[in-house]
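Look at the two complexes coming up: subunit A is in both, with subunit B in one and subunit C in the other.
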Partner chain A sequence: MAGQTTTLAVVGVLLRQPEQLLTDAGDEAERDRLALLAPQLLGITLIGAAIFGLVIGSYRGDLQYLYAALKTPALLLLPVLIGLPAIRAVHGACELEIPWSRMALAALIAVARTAVLAAACGPVLWLYLSIQPDYHRAILALAGCLLLVGGPGLWTLIRALPAGGRNRPLATFASLAVLGVLLAQSGWLLRPFVVRPRAEVSFLRPIEADVFSSLASTRRAANGDYRGWEARSGGLLGTREIDEDPR
Partner chain B sequence: MIGAALLLAELGPPPLWATLALGYLGAGAAIAWQLGRKGHGLGTVTSALACWPLLLGLVGRPPPRGDLRGELGSGGPNHARIDACMRTLAEGLAETIDAGGAELIDAAQLAKLGTALHRADARIARVDRLLLDTEDQRALVRDGSLELGIAQLRGAREHAERELEAVLTGLIQLRVQLGLFTLAGESEPVRERLAELEARVAALAELSSIEFAQVRS
Partner chain C sequence: MLATTTLHPPPYELGATPVDSRAVLVALLGLLALGAAAGLGSPAFTPGLRLIPSVLLVELASLALGSPALIAAHQFMGLAAAPEALAAALGRALIHAGRVAGGLALIVLFFGATTRLAAPMLLIALAGVGVFTSVTACAELRAAERRAATVVAPMFSLLLLGWLSLSWLIAARVGVDVAAWVFDFGGTW
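Entry: the complex of A and B
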């Protein structure tokens, strides 16, 4: 493997100058670079996200260590795998044709950087979770960490895409919206990540409703209206039953 | 057989998520197999199993040649040029042998020269990174000895860069002399030129270490 770039060198460049991993030498060079870097970037993503998952699992312990470590890489990769065609189409609509290899490489770099930063955040989150904060505070800490590491990751993705095109800010905004929605729904489908200390551990909860209906129910509950918590299974996204107001 | 069919009928159609997951994995396996057939590495093939949408651009293409060492910080700013010079020289030597000429330069000798050049180039890259890192600190710390050290380091770096440039030019000249050897059959100038270049690269390594040691002291 002497002829290969070491993974440690790639991690260093990811943190220091991620754009150095890209090339402007044409489509051919981009494909070569994708083939060379994809295994390493995926490996970095898996390891970094698994470390972060272990930390999240430490709040409950037992099997949740393993479950969270397995699910966190999927949480980072799913939005990219599903949303990439949409992001490309959005940029195409704004008159910016991006080669698929460039798009894939940019996305992989962004996800790998997020995973490395998440792993770096791990010790701080672990320290916080080790003092057994309230469940809701633990969720907030997790969300805060994800925001903290997701920002640089998204910024890397935006910077990695070529400049130009018409209405570029619109394309950027739409891409971020697509990724944001997909990340939220992926997190919802793959939950639980943080499990209450005395709750039963499970790999996945039954598929029910979607993240947005749950947020709406939470908002209603905050206003003293407890309707709409009866979820029932309904295909991939599920549905939520809303009782008619008896009044 | 009938029992299995009855069991399947009793179970009903598979859930949507299972169908989607199977379809995704099936597509991944097909693409991984295709990439494997083309000679891509195990890492790329395994990656395609799980993340095939990202690797669609590689379908039907041969695996890449070379690596990214020169562009990812472990090599220097002249990595690509050194590689190009060494490749041209190796091609020239191969042509000479094909034309019925003698083997003027040993392949191991050429590889050693290339390695020495890459090392010198990597040293320049390290100095560049060091200078970049200290740039931020200079704004905070005003120290005469630090400024002097940085100036010396810059000087040593410039000198090393000039020497490396001269060696690269010498390699191009060597390539031209190989062409002359094919025509005139005089091997002595080629050997002399190569010996000169080797001495120059060795001197570059020694000089760099002396100059950098002076900066440290």
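Entry: the complex of A and C
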């Protein structure tokens, strides 16, 4: 089907009835379908997410157009890439063995649909960002857009997995938790997306702290506690600090 | 006398589905991988090294200490499923636990590589593995009992509840000891 259709037609099916892109005709047919659709779905993801990235970059302008357009596809793909084995395993534990080809196809469809919806949100977000709102409001608008398009995307992934299994709600909850946590940390890792108008533009910030401590600091600041926040680096890729004494 | 004594077949179904040993091996590797992922994120060498078998130790200890009690109590109470069927059900639960651990290892590795949250993420992942082990074990044990008896006795549900509570308590106790050993804060390892 997909081999004879244009990418635009695939986008149409993706938005109308994404489950039509799947097949229940067995493992081999699923692999064939994946081989046919994967390049188109990846292309749709890259283009859709890059358009959304361009819109985000418009808040700061200059090089941030390019940087945000390059990073936004990674923001959508990275959590799925890392979380897919865990999602498959938790469904397996709930007696629903899902072939890798089906998992990959479902994930690609979900991410592509999210990217297309994000691109569709682009004009509205651009209009808002063009009036140069306060930095925090811009961040909130971005988060709102991501929530708006992320919901249908996640729902598509859940719907694209085969029916059945025992304790399915538990598997669904675990999958959503995994993807939510990974998306949050990926966003933190790939920051900055929205850059303050006078701030220096950079492709990536140093690997430091984590999204949760950042959120805690933001919440403290929102409550009027401006004690500051020491973003300490850590982890394999950050600068390790072994038994350091802060005194 | 002994030669003429025959064992009467028990009133339950024998010959549970065998557990694939290769799948068990992969599951054990998954549990090791989860510990190793957290170990890679540890800033110090010795705790990092000791984190590798930590998940395997907690999971195996809780299963090894809790399962004989379950099987013994099950048989003592005259419930239907054969010990082999119960053991196979627990084996399948271990296989699923290992797969979940293997899947979560990537996530822990991601956090271990980019944040200082390797140990907290390991703790959350360990709890997740525990939840899925419990859920799978309950489903498998219940299926084994249902295969042997048309109706699952209420006593079986009570036994499962007791065993689950015992297993979680054992896992918590072993977890504290393993954490004391890993981070060297003076436990009773």
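By definition in this document, the second predicted complex is superposed on the first by the 222 of 247 C-alpha atoms of A that agree within 3 Å, B and C clash if a C-alpha of one lies under 4 Å from a C-alpha of the other, contacts with A are read in each partner's own complex, and residues count from 1 in each chain.
Note that contacts are C-beta pairs under 8 Å (C-beta built on N, C-alpha and C of every residue); 3 or more make two chains touch, one makes a residue touch a chain.
The shown structure was predicted, so the numbers you read here are calculated from the model rather than taken from an experiment.
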item	value
Superposition on subunit A - do subunit B and subunit C clash or fit	fit
Subunit B versus subunit C as contact partner of A:39, first or second or both or neither	first
Which of subunit B and subunit C A:87 touches, first, second, both or neither	second
Touching partner for A:199 - first (subunit B), second (subunit C), both, neither	neither
Touched partner set for A:21, first subunit B, second subunit C, both or neither	first
Partner chain in contact with A:167 - subunit B first, subunit C second, else both or neither	second
Which superposed partner A:127 touches (first subunit B, second subunit C, both, neither)	neither
Contacts of A:207 with subunit B and subunit C, given as first, second, both or neither	both
Minimum Cα separation, subunit C to subunit B, after superposition on A (Å)	7
Footprint overlap on subunit A, where subunit B in one structure and subunit C in the other make contact	85, 207, 235-236
Touching residues (chain side subunit A, partner subunit C) in the complex	82-83, 85-90, 92-95, 166-167, 170, 174, 178, 181-182, 185, 189, 207, 209-210, 212, 232, 234-238, 240-243
Subunit B residues within the subunit A interface of the complex	16-17, 20, 40-41, 43-44, 46-47, 50-51, 53-58, 61, 63-69, 71-74
Residue ranges of subunit C in contact with subunit A within the complex	40-41, 43-44, 96-97, 99-104, 106-107, 110-118, 128, 131-132, 135-136, 139
Interfacial residue positions of subunit A with respect to subunit B in the complex	3-6, 9-10, 12-13, 16, 20-21, 23, 30-40, 42-43, 77, 80-81, 84-85, 99-101, 104, 107-108, 207, 235-236
